[in-house]
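Chains: A, B and C, in written order; residue numbering restarts at 1 for each.
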Amino acid sequence: MKSIILLGNGGHCKSCIDVIENSDEFQIKGIITKDKNFSERFMNYKILGNDAAISSSFDKDDFGLIAVGQIKSAIKRVLLFDLLRKNKIKLATVRSKNSLVSRTALLGEGTITMHNAIINSDAKIGMNCILNTNCLVEHDVTIGNHCHISTGVILNGGVSIGNQSFIGSGCVVKEGITIGDNVLVSAGQIVMKDLASNTLHKKILD
Amino acid sequence: MKSIILLGNGGHCKSCIDVIENSDEFQIKGIITKDKNFSERFMNYKILGNDAAISSSFDKDDFGLIAVGQIKSAIKRVLLFDLLRKNKIKLATVRSKNSLVSRTALLGEGTITMHNAIINSDAKIGMNCILNTNCLVEHDVTIGNHCHISTGVILNGGVSIGNQSFIGSGCVVKEGITIGDNVLVSAGQIVMKDLASNTLHKKILD
Amino acid sequence: MKSIILLGNGGHCKSCIDVIENSDEFQIKGIITKDKNFSERFMNYKILGNDAAISSSFDKDDFGLIAVGQIKSAIKRVLLFDLLRKNKIKLATVRSKNSLVSRTALLGEGTITMHNAIINSDAKIGMNCILNTNCLVEHDVTIGNHCHISTGVILNGGVSIGNQSFIGSGCVVKEGITIGDNVLVSAGQIVMKDLASNTLHKKILD
């Protein structure tokens, strides 16, 4: 098993731990937190220190995974990604055994595919993405870097998404739609038209 | 295998039978129905009698499961739950092999986790709940007793739900939302704000 | 393993190939395309010719599967179905190993059950249907012939759907609802009332 260190200790990190424990590929060595003073353990794993401890915590063979959540903005995840890169730390590509990834799909480094996610034929996913629980990425979908495809999202065939975008929980995106960079779509939207970069799509139904 | 007796013989009971047959934990001994005169078998299992036959039908080692559905009100399921308790009958906690329950999640007695449901890290679910097919209960969610989380519902991280509430099919609940007791949310709602106890949330989109 | 020939070479066909490769039941012999001139291979399988080559491509033991998608109309799929029938070609009933079909459910010939689809107790599905990825067909649902139940659709208990209807991605249909023939429901609709035959239901939320 490969050794992995997680960056982050919030709720998303808990889910990441569940996914990693469920796979047979990585063993968790410990957690990096942004807090200065934190209890010694998180979900039973050792706290190795805060961001300042990154360079000293990673051995040559350790993989890193950014386990910080992403809703309003990808900035934290991008900064941590750059920090790991600067320190020449390899990023893990993590996949739940309870997910399904087509043999013809491609997943970038640092991307996590969570429980019951399906990544279908010829899908191409960038780096440092969250493909969250129960999401469905259909055939021929392309997704850039640092995106969060949230819980239960359905991206139908041929959808294209840029970098650093967030598709909220339960959204359905029509086949062939193009979504730009830095787009935020809030939960439960039915996306039937293209969405330009740097736009916010929010419609509260209740 | 443990022996189980089901209370109810409607559509939800059919789904419960499918889940129990799919697991290796329980063997169905028979069905209790509210009808006085019912055909001898249901889905190939013996009808043991109606509610009046509860005390005589259960042996010491038999588990009970309330297999009556719940949409508009939890009352029937609560009454049967109290009846089983009064008769000192153990309630089964049933789980489809095709569901996924985190090692850190807790499920109360009498609760059924149906096919493809996911119960994530540190979720805490009460007694006598239905976690219906394809529902997603994310990390740190808490749910009280006698709730029905319907088919395909998404409860995001940290959502809290009281007792005897119903979340309709395909609903998406935003992370951190609090929903009270006796709340009824009809199908397909996107819940973005807290919902007070004893309220009805219905919006027909079509 | 049985031998199968696919009709169609679009995006839906890619997903069908992924499902068939994932099962252990069929081996793909080749693809029939409507194009006259097409590259020699599709997803690494041989192109056998266009529709005119149907009768010459199938050996006695080969099964056929219509792998053309269906959104606005079922016509193409119906015509190909009739063409196969006329040529006395057997239609394959295909099922992803990652789907779940109740022992009491019935699936007609030519119907494909894709990844993570769930077909529950006593459901009855006709011929030449697409039960697309992540769809949920609950107990006692009946579906006619040539229907497409799209990605992530939830059909609750006892729903009834006629022939040649399309239920769009992410739709939720309330329990007991009746939907007629040739009905088109666009993505993300919450169907709370019966829908008459030959009607279109579209409501763009964004």
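We adopt the following convention: a contact is a pair of C-beta atoms (placed from the backbone, for glycine too) under 8 Å apart; a residue touches a chain by one contact, two chains touch by 3 or more.
Computed from a prediction, not measured in an experiment: that's the story for all the values here.
Undergrad: Going by the touch rule set out above, what shape does the chain contact graph take here: line, ring, star, complete or other?
TA: Here the contact pattern is complete, since every chain touches every other one.
Undergrad: Are the interface residues of chain A and chain C largely the same numbers on each copy, more than half shared, or largely different?
TA: Counting shared over all numbers used gives less than one half: different.
Undergrad: Taking each chain's centre as its mean C-alpha position, how far apart are chain A and chain C in Å?
TA: Going by mean C-alpha positions, chain A sits 31 Å from chain C.
Undergrad: Pull out every residue in chain A that's touching 2 or more other chains.
TA: Touching at least two other chains: 116, 134, 152, 170, 205.
Undergrad: Enumerate the contact residues on chain A facing chain C in the complex.
TA: Listed in rising order, the residues are 100, 102-104, 116, 118, 120-122, 134, 136, 138-140, 152, 154, 156-158, 170, 172, 174-175, 189-193, 201, 203, 205.
Undergrad: Hey, which residues of chain C end up touching chain A in the complex?
TA: It is residues 11-12, 14-15, 17-18, 21-22, 43, 71, 98, 115-116, 133-134, 151-152, 169-170, 186-188, 204-206 of chain C that touch chain A.
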